[in-house]
Amino acid sequence: MDYTRQEMMAIATGREFSDGELAIFGVGLSMLAGFWAQKNHAPNLVAFTEGGVFGSTPVGGLPWGIEDNRISANATSFTNAVDALGCLVASGRVDNAVIGAAQIDKFGNVNTTGIWPAETPWSAGRYVLPKVRLNGSGGANEIAVGAKKYVIMVTHEKKRFADKVDYISSPGYLNGGNDRQKYNFVGGGPSAIITTLGILRPDPITKEFYLDAYFPFSSIEEIKENTGWDLKVSPDVKVVPEPTEEELANLREIDVTGSLRKK
Amino acid sequence: MRNKLISMQEAVAKYTWDGMQYAHGGALPVGTDSIAFGREMLKQGRKDLNVVSNCNTQQTNLLAAAGAIKRMEVGFAGLEVYGFANGLKRAVETGKTILEDYSNGSIPLRLLGGALNWPFVPATVNIGCDQEWCCADRPDEYPCQTKIPKIKDPFTGKEYGAFTVLKPDLAAIHVTMADAYGNAIMLGTEWSRYELSRAAKKVVLQADFIVDTDCMRQFPNLVRIPDVVVDAVVYWPLGAWPHCSTGVYDSDEKEMFAMNAALKTDEGYQEYRKKYVDSYNTWEEYLDMIGQEKIAQLTNNPTTFLMDPYRKWIKSDDAIKRLMSEGRQ
Amino acid sequence: MRNKLISMQEAVAKYTWDGMQYAHGGALPVGTDSIAFGREMLKQGRKDLNVVSNCNTQQTNLLAAAGAIKRMEVGFAGLEVYGFANGLKRAVETGKTILEDYSNGSIPLRLLGGALNWPFVPATVNIGCDQEWCCADRPDEYPCQTKIPKIKDPFTGKEYGAFTVLKPDLAAIHVTMADAYGNAIMLGTEWSRYELSRAAKKVVLQADFIVDTDCMRQFPNLVRIPDVVVDAVVYWPLGAWPHCSTGVYDSDEKEMFAMNAALKTDEGYQEYRKKYVDSYNTWEEYLDMIGQEKIAQLTNNPTTFLMDPYRKWIKSDDAIKRLMSEGRQ
Amino acid sequence: MDYTRQEMMAIATGREFSDGELAIFGVGLSMLAGFWAQKNHAPNLVAFTEGGVFGSTPVGGLPWGIEDNRISANATSFTNAVDALGCLVASGRVDNAVIGAAQIDKFGNVNTTGIWPAETPWSAGRYVLPKVRLNGSGGANEIAVGAKKYVIMVTHEKKRFADKVDYISSPGYLNGGNDRQKYNFVGGGPSAIITTLGILRPDPITKEFYLDAYFPFSSIEEIKENTGWDLKVSPDVKVVPEPTEEELANLREIDVTGSLRKK
């Protein structure tokens, strides 16, 4: 079957969502994966955006932002950031979510703030300026802290998969184990890292992410090569089932502009 | 009730100054924002601004590109699907703008804390991460203990953080509709504009439409910003351009990319400024600059039905000008 | 979206139990409240309730008169110009109901703290007074140090208080309009119903009108309670009687006094209960009990124009009954 | 001129409001005094209620409550309690207000919670049940803590004017002097106690209330007799000017149901 790595990643992410969950979607890939799940197998997945846009579906193309007219045209409720990110996300009410990452480490900590190729703040012991400034955390910090679980969606490249991220914008399992408890986070932490090559899941005890499954077009070797730490591989490592025709058809109905089809 | 309608020039001259703590009120990086107000600040040469920004927008992207932002607190510094904000990115990477990072949920809570005049806001987010440990204001403190200091829950003994509250000198807030007294209706997500309107010491509204107060009396539950917290009202049609204003106009996709591309370099910024900041004075000239064809295209969108219940109360340009001159007397 | 329309009997049977922490959602002691829901709780014999009440209303006045309230946290315990709440007053003075005092501003903030899942809420009010020093739950601690314990502002070292947050088991909230999925519009002051809808573990709406979801899509900024936080919707016309519901009916002046007079004694309560609680089962019987003449009088009031924009989406009784039976399938 | 003690009290209270102030009114007398001021001499007095009802005036009679339809019929904005009592009152934004009292003491502390004729909580050292349970603080606690200044309006009776109130529902100057500073209250405290007999004001240093002025129909003696502590009298004690014809006419236009005219 003809599908792209991006499409496989979106479908693998969407499969993480179950019917009846309360979910928060971001823009772009995250929203496509979520709305695909709703269309494909989770008709009662209830989603909203961090702006407090409720009950809507995209109209006229993939929204440019989560407050864009394309996601506001058929909303049933507009509230605000304190409501969506505070009362629903940071509070611990949201069942599932997706966030992105510029850089990720073996404990699922996410950096979306900047790139420090030489000295990082933690290696320098002071806040040095980033070489490349990125977007910051947005609402992902609230998701990381509060969501019952969430998926991290990221392009699988060695430079993105670091032993230790330059900057923790959204905390995963921090230094592993029960390190999240130090901060009394209500959320459960990341349940999966879904990449363009496969699916990583956290060890139940150490919380270090290991390779749980790879995509039909990738391999354990390719994944290990593109990971910046010595990635452990599950003895039961699986191949992710490739998209069914129906799954792919549903995705392409959602992805009207074909943004995922660019190879 | 006092007629608070004044011109954009007057509003910026009266309510902004160099070095002030300036907050702009919008809805994330693509939705509505008081962008026209920011352009006028640039015209009037405002500089050394200390900006409170829930999210970066093209307003802060432009002001940063101009070198007018000394410091900025932010939850999100990008432009969502439109990419990184080149003007702001450049200012941060060169050290021109000190960027203090929070998150999209904590900035509104800090504004709410300012609105309530609380000493601090409990922090259950932005802790256990570099928003807590890295302080752009005090870079030598790492891990920083003073940006989001620890606080003990007196009921359980558990440790959380504490945020400072925000009380900006001014909030320039974009709203869909306002009356001359400062009662305002927002369509689309409020984002943090409600909190901002109560937290700021002064509030200027930038409205797409001026409506009769009868509209507010028909829909008082929609008036989330009442006149008592508002100091001035400015009419500026298409004032969030190239962003969108739910119910009124779409984001201008071509211009969003073009503007951001221009702000990547100082030359690009200088050209942009000449063409899109210095080129107009009145709102009529501003609309001409955007162009009637473009406006027709942007205002023909699937959200326009949201404005239908209110159209009969919209004031004409002439009526607005009359109100503005009355207000001056 | 799930059809959540169920009958009043079902809602009370499913979502309430003896000893629960029950919150009712209203607008002060004369405005709207889920009073019909409280009547049904009485019919079903609920007791030992732990009530969260921003303000007492005729609902809590009645439940207290019935001896069903074991404990209650409150900001205001009276009936404004209608006087002291005799049923509640009697229950408190005889020790039947433990009344824990806060204020009208602190109860909503404690609900907001619950909604945000904060460990505590900073207290700048209710300190330096007997709301801090007197604790009805722990009467031997005076001045009480544990009800609103001291907390130090980490930024200035100054001392303030800390409130516990509220997360009631259930909030029964009166709204003007709801659709079958639980999207709701309130007309008039929200009071603390927004915070309540997010703080409570379960939410049941009691609506004066059921409207089509198209109404919500036309006015999404009015939908301050979206379906995601709602568990069930009950249609009950005139359900805040004898209180008022802004845009729909006035408070029933004669009945407000008569009801309160009845609740002064146990005999009066017994008579009231027979006449106004046990006498009906359906909403049609309830309306008959109030009487068509009285209803015509109460619904002819200077706020009815506030409902005009929404009338075309109001569902008929028959349509509502169809939706209720569909929901059950 | 023919006017009642209640009318004199309302007018004396209304005279405390200046044009342009942001004020919060309660129900009943307080609202009448406020709207009278707006009509009589302070056209730009901006008032709202603790429910967040903005821009309205009573329609069809004196409202039964501050959220009654009679005060909601011509509002320009409806918000909520957190907004009105939190963001506008407790925050310190409100310039002026009126609260009532069942009992008041020489430092302007207000009791609206209960009557303890024998043992009070502070004399018993424990929270004993009140003999008579009253309404509690409502939004008056926020006003007492946050308003820049406020008037306490109370019927002048000995039983209400106590050396020390049974219960402090809304703190005045507590034990006097700068005692409010202990709690970091942002508001300035009560500026006057206006009664059916006269006007008491706080000493600038000790904050003990003294008699500043009495009404034309009362006397220093009558007031001292009806005060439960040894009331100090200003050496410059004045007689409050009686209502002018215009003042009274304006009041009676506001008080359409004549609630203040009952003697």
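As written, the chains take the letters A, B, C and D, and residue 1 is the first residue of each chain.
Just so it is clear, a contact is a pair of C-beta atoms (placed from the backbone, for glycine too) under 8 Å apart; a residue touches a chain by one contact, two chains touch by 3 or more.
On a predicted model such as this, the values are computed, not experimentally measured, just so you know.
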item: Those chains which touch subunit D and also touch subunit A; value: B, C
item: Result of counting contacting C-beta pairs for A-C and A-B, higher pair; value: A-B
item: Distance from the mean Cα position of subunit C to that of subunit B, given in whole angstrom; value: 37
item: Subunit A and subunit B: spacing of chain centres that average the CA atoms, whole Å; value: 28
item: Inter-chain centre distance, subunit B versus subunit D - centres from mean C-alpha coordinates, in Å; value: 40
item: Where subunit C touches two or more other chains, by residue; value: 109, 116-117, 119, 124, 158, 160, 187-188, 190, 220-221, 224
item: Multi-chain contact residues (two or more partners), subunit D; value: 72, 74, 78-79, 82, 86, 90, 146, 184, 186
item: Category of the chain touch graph - line, ring, star, complete, other; value: other
item: Chain pairs that touch, as defined at the top of this document; value: A-B, A-C, B-C, B-D, C-D
item: For the subunit C and subunit D complex, residues of the former touching the latter; value: 27-31, 54-55, 74-82, 84, 88-89, 92-93, 95, 99, 101-109, 112, 124-131, 133-136, 139-142, 144, 158-160, 187-195, 244, 246, 250-251, 253, 256, 301-303
item: Of all residues in subunit C, those that touch subunit A in their complex; value: 1-2, 115-117, 119, 179, 181, 183, 198, 213, 216-217, 220-221, 223-229
item: Residue ranges of subunit D in contact with subunit C within the complex; value: 27-28, 49-53, 59-60, 62-70, 72-74, 78-82, 85-86, 89-90, 109, 113, 121-122, 124-142, 144-146, 167-171, 174, 180, 182-186
item: Residues of subunit D defined as touching subunit B within the complex; value: 22, 44, 46, 48, 54-55, 72, 74-79, 82-83, 86-88, 90-92, 146, 184, 186
item: In the complex with subunit C, residue positions of subunit B that touch it; value: 109, 116-122, 124, 149-151, 153-156, 158, 160, 162, 164, 185-188, 190, 218-222, 224, 305-306, 308-309
